[in-house]
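Read through the structures below before going on.
Shared between the two complexes below is subunit A, which pairs with subunit B and subunit C, respectively.
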Partner chain A sequence: MSSLAEVFNLQLLFDVLRMTTPILLLALGGMITDRAGVLNIALEGLLVFGAFAAVVGTGMTGNLLVGVVAALVGSGLLSLAFAWFALYLRGNIFIVGLATNAFAAAVTTYASWLISGREGSLSYPQAPTIGPISVPLVKDAHFLSFLSGHTVIDYTAWALVLVVSFVVFRTRMGLRLRAVGQEPLAARAVGLSVRRIRYLAVLASGLLAGLAGAQLSLTLGGFVQNMSAGRGWIGLVASIVGSGTAFGSAAASLLFGATEGVANSLQITAPKVPAQLLFALPYVITLAALVFYSATRSRKKGVLDT
Partner chain B sequence: MAPYLVCEGLSKTYGGTLRALHGVSLSVERGKVHAFIGENGAGKSTLAKIIGGMVAPDAGSMSFDGKPYAPGKPRDAHAHGIGMVHQHFTLFPALTVAENIVLGDEPTRLGQVDIARAVEEVRALSEEYGMPLDPRRRLHDLSVGEQQRVEILKELRRDVELLILDEPTAVLTPQEVERLFKGIRRLIRENRTVIFIAHKLEEVLAIADEITVMRKGRVVGHRDRAEATKEELVQLMVGESLPVHERRYGAEPGGEKLVTRELTIRDERGRPELDGITLSVNAGEILGLAGVEGNGQQALEQVLGGLITPTTGSVVLNGAAITRASPARRRRLGLAYVPADRLEWGCAPQASVFENAMTQCYRRESTAGILRRRRLRQVVRSMFKRFDVRAPDLDSPISSLSGGNIQKLILARELGSERSERLEAIVISNPSRGIDIRGVQFVHDLLAGYRDAGCAILLISTDLDEILALSDRIGVLYTGRLVAMLPGQGRTSKTELGRYMLQGDDKERAA
Partner chain C sequence: MTDRLLDRLADGLSLALTIGVALVAGAVIIWLTSADPGHALRAFFLGPFQNKLFFGNLLQTAAPLLLTGLGVAVAFQVGAVNLGAEGQVYAGALAGATLLLFPPFVSPWLIPVAVVAAGAAGALFAWLAGWLRTRFGATEVIGSFLIGAALIQLFDFFLRRYLADPTAGFPTSKPLAATFRLARLLPPSNLNVMFAIGIVLAVVAFFVLYRTTFGYRIRLTGLSVKYARYSGIRVGWHFLVAMAISGALAGIAGVGEVMGVQGRLVTGLSNNLGWNGVTVALVARLHPLGVIPAALLYGYLHSGATVAGLTSDVSPRIAAIIQSLIFYLITAQAIYVWLRRRLGAARANAGPGGALPSGAAGRPRRQGGPSAARSDR
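Here is the complex of A and B:
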C-alpha cells in the first residue's frame, strides 16, 4: 500500500505544475472572452488545432520556434473563424463552438493520416522536443527544486497571469473589454465597437489556446488523436470557477492540474485502484467544482431567479 | 434668433408597419429648454433618437448650427456636440463613477488608465455643475438620481452643446427633480441647449421655454411657455378633452386580508433587498407603496406573487400562510398578481395574444388535457370586451400590441376571469407605466372598483401621482425597509412623501 509520503513528493509537485500549464493558458483565454461576454465553447478545438499545428511546424522545419508560431497562427485563425461565425454571422454560439471543436478534431485526424499514413497519430522522428530549463539556485534548493526544469512555455504561462491581469484590469483596452462584457448595449451607446472588442478577445483566447496546444504536443514530440483529453473544457470551467480574475483562474487551474497530477501518481503508487477510476478523477473534480461554484452562487431565492 | 437645430419632414417606420413618425418638422433655438411632450407612442423618443444619432430616419433632413446634420451613429452626434441621456441608463453597474464617465475617452499614463486623473476630472465637473457624486463609488451602490447625474456628467465631459434628456424625471423624487432643474438652468446660462422629453405637464411647465406637442407621430402644436396652459396641452396630446374624474377613496376598510411579517430577502452578498417588511392590507383598502425605483419594490412584488421565497419572514392571506405557496396556489386562494415588468414577467412576448390571454383559464376550458379552442376563444373575446383590450388579431404575437393594450390584457387575465368574484387581494406594481392617459384612467377606475367590492389591494408604484390618487394609506420603501406609513386620501403631500423617499440622502447631507 502506498504511503502518503510516496504520493506527495517533490516529483508530484513538479508534475502538478506541468499538468497545470495548458489548463492555465486555456483558463486565461476563457476568462478574457468571458469578460467580453463571449462564452468560449471552442477552447477544446482551438487547443487541438494548436497541438497539431505545432507538431507539423516543428516537424517540417526541425525548429521549435516555428512550431510554436505555427500553433499560434493555426489556433489564432481558427478562433477568428469561430468569432466570424458567432459574432458576425450571429450563429448560435454553442452550435458554432461545438462545430469548431468537431472540425478541429476531425481535420487534425485526417491531416495526420494524410501526412503519416498512420491513423490517429503524427510524429516526425527527427523533430526536437521542448526541453527543460534548469533555473540556477532554485534547482539546488531542495524544497523549491520542483520549480526548476520546466519548459519555456510553462514559465511563460505563469508570466502571462500577471500580463493578463494587468491588461484586463489596468489598461484602457481592459476597461473597454469589461464594459463590453457587462453591458454591450451601453458600451455601444458610448461609442465602443462591441464586435471589434469581442473579436480581439476571442483572438487572444485563440493565441493562448495555441500556446497550450504547443505545450502539449511539443513536450511529447508528436500529435495524438484526443491528446487534449477535454482540457479545453476543464480550462473553461477553471475560468468560470476563477470568477473572472486571472489569479482566480490560476488558482482553479492549479486545483485541476493537481488532480491530474495526483491521478497520474496514484497509478504508480496504488496499482490496485482501477486506472479508469483514476483517469476519471480530474473530470469528477471539475464537475464537483462546478456544482460547488453554482451552489454557493445562486443559493439565494427560488427557482425562477436568474 | 436664428434656429439652431432644424428638423424637416422626418419620417420613420419600424419593421415595415409601425409608423413612428410622419413628416415631423420643427426647430429648436439655442440656449433654450425645448420640451417634447406627448403620450406614449407619440414619437417623442423616436424623434430624440434620430437627433441623437441612434436611429436613422427613412425620410427628411436635419441641420445643426447652420450646417447639414445627418448622424449615422451616436459618435457622429457627439462629434457635433449633441449628447443624449436615455430613459434607461447606459451605465456599467460594476464599474466606478469615474470609470463610467471616462469610458471611451480615458486618460492614460504609461499604458494604464490614469484613474487618479479621471477621479480628479469627475470631481471638478461635479462641483462645477452642482451635481454631488463620489467618483470612486461603484455604480450599483448609487441611487437612480445619482446614476442620472453620472449620465449627465458623462455628456458634459464631452462638451455637449445640445443635451437631450429622455424622460429624465420619471425615476426621480420631487427633490431630485428640483436639483435636476437647477442643473438644467445652469446649462442654459452657459448658452447650451436642452431638449427635454416628458409626459408630466407640471414639470414641462416648470422648466421649458418652448413646448412641442406630438401625437401619433406628428407634431400637433407648438407653444411658447408664456402662452401655454395645462388644459390646452392635454387636449392637444390626447386629441380630445378628457372628462375629469373625481377621486373616490375607499370607505371604512374591513379586516386584515394580506399580511406580511418581517419579510427579509438577502442577495448573494448578504445585503438585504428587503429588510423586515411588516404590513397588512385590509379588505376594501388600497395600500400604496411609494419609493424610488430600486428600493426593494421588485423583491417585494415577487415574494408576494410567489416567484421567490423570502430568506426569513412570512406572508399570510386570509389567515393562511402562503409564504412558500406556488403562484398557482396563491391564485386559487384568491390572490392576483400583476407584475411591473410586463414583458419580462407579465407575458410571453413571442406567444400570441390568444395564448397569453388564456393562461389563467385554459385548465377549466379543456377536456382530458385537450383545449377546447372554440370555447376558449369565446372566453378570451368576452374578457377583452369587458376590459377594452383592442387586439385586431388574436393570433399575432402579443408584442405587436401597444403597452396599454398589453397591460389591459394582463389585467383582464389576472382579474377578469370568471372566478374573479372570489378575488381576495391584488398585488399590482406600476400598473400605469408606459400607458396613455386614457389607459391610466381605466386602470385606476378598475382598481377603485375592486377596492369598493372588498378586495385588499397593494399598489406598489414609483409614480407619486398614482400613489396619491388612489391610496387610502401610503407606505414608503427605502433601501428595502418600510420607513413610513402615512395617511392617504389626500392627507399627505407630495413633498412630504418625497422627503421619506430620500431619507438616505438627507442623512448623507447631514453627515
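Here is the complex of A and C:
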C-alpha cells in the first residue's frame, strides 16, 4: 500500500513540474519586461499565439523543431507589434496589452476556422507530439524519478532561470535593462536608448511566451481555444510575487504550478469534486498570493498613490 | 479656431482614423478569404440595415454593451481598471436568474427586484477587487481579472450542479416563466426594453459625473489622487463606490441578457460583453454620452458579421478581429499628436485617454501597475 501512495505522490510531483513550465517561462518574460518598466499584460495573447503557431508549424511539416521555431517567430512578431503600438504609437500600455490578447484570441479562432473549418480548435492527426526524455541515473533513483521523463522544453525552462538571472543581474545588458526600468530619464541622460532596450525586453518576453505556447500545444498535440487558461496572467503575477528576480519568479511559478498539478490530480482521484471548482482554484490561489505579497510590502503612502 | 476646438477636432479625426483603419483591414481580410468577396462585403456592411430583424438585432446587441461600456468607463473615470466585467456579467446573470427561476410569487414586479439583485452581485465583486487595492495595495488591474475569471467558472459550477435542465443536451437552465421575459419591441428581433434602459442610464451617468459634486469628486480622484486628497476628498471611498457602480452595470447587463434574449441561463451567456465593454468605453473616450454611439458601432459590427456569417462564406469572428484592431489603435497618442500638428501649431498635449491609468512606458516613474507598490526599490 505504501508503494501505491508513493507512486501517487511521485506522479503528483511530476505533474507539478509539468504544469510549472509554461507559467515559469511566462514569469521570466514578465520579470524581464517589468525590469524594463513595461507592464506586460500581453503575455496571455503571446502564449495563445505561440501555441497556435506551434501546431500549424508542426502540422504542416511534421517536424517538431519547425513547430517550436514557428512559435518563437509568431510570438516574437506579435510581441514586437505590442511594443510598436505601445512605444512608437504611444498607446496606453494596459490597453495595447489587452488588445494583443484580444487579437491573438480572434486571429487564432479565425485562422483555425479557415484551415480546418472548426472554430477555435486545430489538430493534425499525423503530427508528432513532444516526447519525454528519460534522464539516466535519475529515472532509477526512486524518489527522484519524478525529475525524469519531462520534455526538452521543461528542462530548457529551468536552465533559462539561470540564464535570465545571469543576464539581468550580471551583464552590462542587464544593468542597462534595469536602469531603463528604474530611472528612464537618467538612462537616457547617459546615452541609452530607452525605447530600443524596451523593444528588446518585450521581444525576449515574446520568445519566452512562444516557447511556453509550444510546450502547451505540442505536448497535447493540438490547439484548443482557451487552452491558455489564464496562464499569461498567472505568470505575470508570478513575476510580481517573485519580486522581480528570476529565482523568486521560479519559486512563485512552482507554487502556481503546484496548484494546477493538485487541481489536475484531484480531477482523477476525487471525481466528485466539480471540475469547475478545480478550474477556479488557480485564479483564487493566484489572487491570494498577489494580495499577500502586496499586503506584506511596507508602504508609507496611501495605496492609491502612484 | 481656438486651440481647444483644434484639440477636439484632432481627437475626433484620430478616432475616425482608428475605426477606418480597422474597418479597411477587416474588409481586406474578407476580400482575401471569401470566394465571393463582393457579396460578403455587402452583407457585412449593409446587411444590418437590410430588414427589421437585422436592424433590431443591431440595436439589441448594443444594449448590453451600453451597460458594460458605461460601467468600465465609470471605473476608468475614477482611475480604476475593471477587467473583471466579464465575470461580473455572469455574477449578475446568476443572481438575477436564480431569483426568477425560483420565484417566491409570480409577478412582473419581480423583474426590478431581479435587476437590483443582479446589480448587487456585480457590484460586490467589482467592489472586492477595488477593496483589495485600497486595503492591501493589490492592483485591481490583475485582481479584477482573476476574480472575474474565477466567477466564470463558478457560474458554470452553479449552473451545472443546481440549475441545469437534465433534459437538455448541454448546460442550460429551464426557461424563465413568460411573465419574466422582456417584451420584444421590434419583432422578430430580440430588441427589448434593456436598450432604452441603457440609453437612460448613459444620460443619468452623464449628469451624475459632470453635473454633481459626487461626480466631480470621482473625476478628480481619477485625474489626480494627490490633488483630490489634498482637496479633502475621500479618495478611497470614491474609488470603491465607482468600482461598485461599474460592477453593478455589468451585472445588470447579465440579467438583461437572460430576461431579454436567452430566456434562460446558458454557458457562454456573456460572449465577451465585459471585454467589449472596455473597448466601447475607450471609443467613447470614457464619456457616458459617447458610450451610446460607441455601443451602436459595436452593435453594427456584430450584426454585420452575423449577417455575413449567415449569408456568405465569412466567419462571424471577423468582428472580433476588427474590434481588436480598434483596441490596438484607440489610445495611440502618436496619431493624435500627428493630426494635431497638421491642424495647426499649438501645444499638442492631452490627447486620447484622459484619466486612463498609465503603464510605465515613456514615463519617468512606474505608475499604476503592480510595480507601483515597489516605489521603495
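Keep this in mind: the second predicted complex is superposed on the first by the 289 of 306 C-alpha atoms of A that agree within 3 Å, B and C clash if a C-alpha of one lies under 4 Å from a C-alpha of the other, contacts with A are read in each partner's own complex, and residues count from 1 in each chain.
The rule we apply is simple: a contact is a pair of C-beta atoms (placed from the backbone, for glycine too) under 8 Å apart; a residue touches a chain by one contact, two chains touch by 3 or more.
No experiment lies behind these values; they were computed from the predicted model shown.
> Please work out whether A:Ala159 is in contact with subunit B alone, subunit C alone, both, or neither, and reply first, second, both or neither.
It touches nothing on subunit B or subunit C.
> Just checking: does A:Thr171 make contact with subunit B only, subunit C only, both, or neither of them? Give me first, second, both or neither.
first
> Of subunit B and subunit C, which one touches more of subunit A's residues?
More residues of subunit A are touched by C.
> Is A:Gln182 in contact with subunit B, with subunit C, with both, or with neither (first, second, both, neither)?
both
> Looking at the overlay, what does A:Leu192 touch: subunit B (first), subunit C (second), both, or neither?
first
> According to the stated criteria, A:Leu87 is in contact with first (subunit B), second (subunit C), both, or neither; which is it?
Touch partner of A:Leu87: subunit C, not subunit B.
> Taking the two structures together, which residues of subunit A meet both subunit B and subunit C?
On subunit A, the overlap between the subunit B and subunit C contacts is residues 182-183, 185, 297-298, 301-302, 304-305.
> Report the residues of subunit A in contact with subunit B in the complex, numbered from low to high.
170-172, 174-176, 178-179, 182-183, 185-192, 297-298, 300-302, 304-305
> Would you tell me which residues of subunit C are touching subunit A in their complex?
Listed in rising order, the residues of subunit C that touch subunit A are 29, 33, 79, 81, 83, 132-139, 141-143, 145-147, 149-150, 153-154, 156-157, 160-161, 221, 225-226, 229, 235-236, 239, 275, 278-279, 282, 315, 317-318, 320-321, 323-325, 327-335, 337, 353, 356-377.
> For subunit A, which residues are in contact with subunit C within the complex?
Interface residues on subunit A, with respect to subunit C: 34, 37-39, 41, 81, 85-100, 102-103, 105-107, 109-110, 113-114, 119, 181-185, 194, 198, 230, 233, 236-237, 240, 243-244, 274, 276-277, 279-280, 283-284, 286-287, 290-291, 293-295, 297-299, 301-306.
> Please give the residue numbers of subunit B that touch subunit A in the complex, ascending.
Per the touch definition, subunit B meets subunit A at residues 54, 73-75, 78, 86, 89-95, 99, 103-104, 106, 108, 111-113, 265-268, 307-309.
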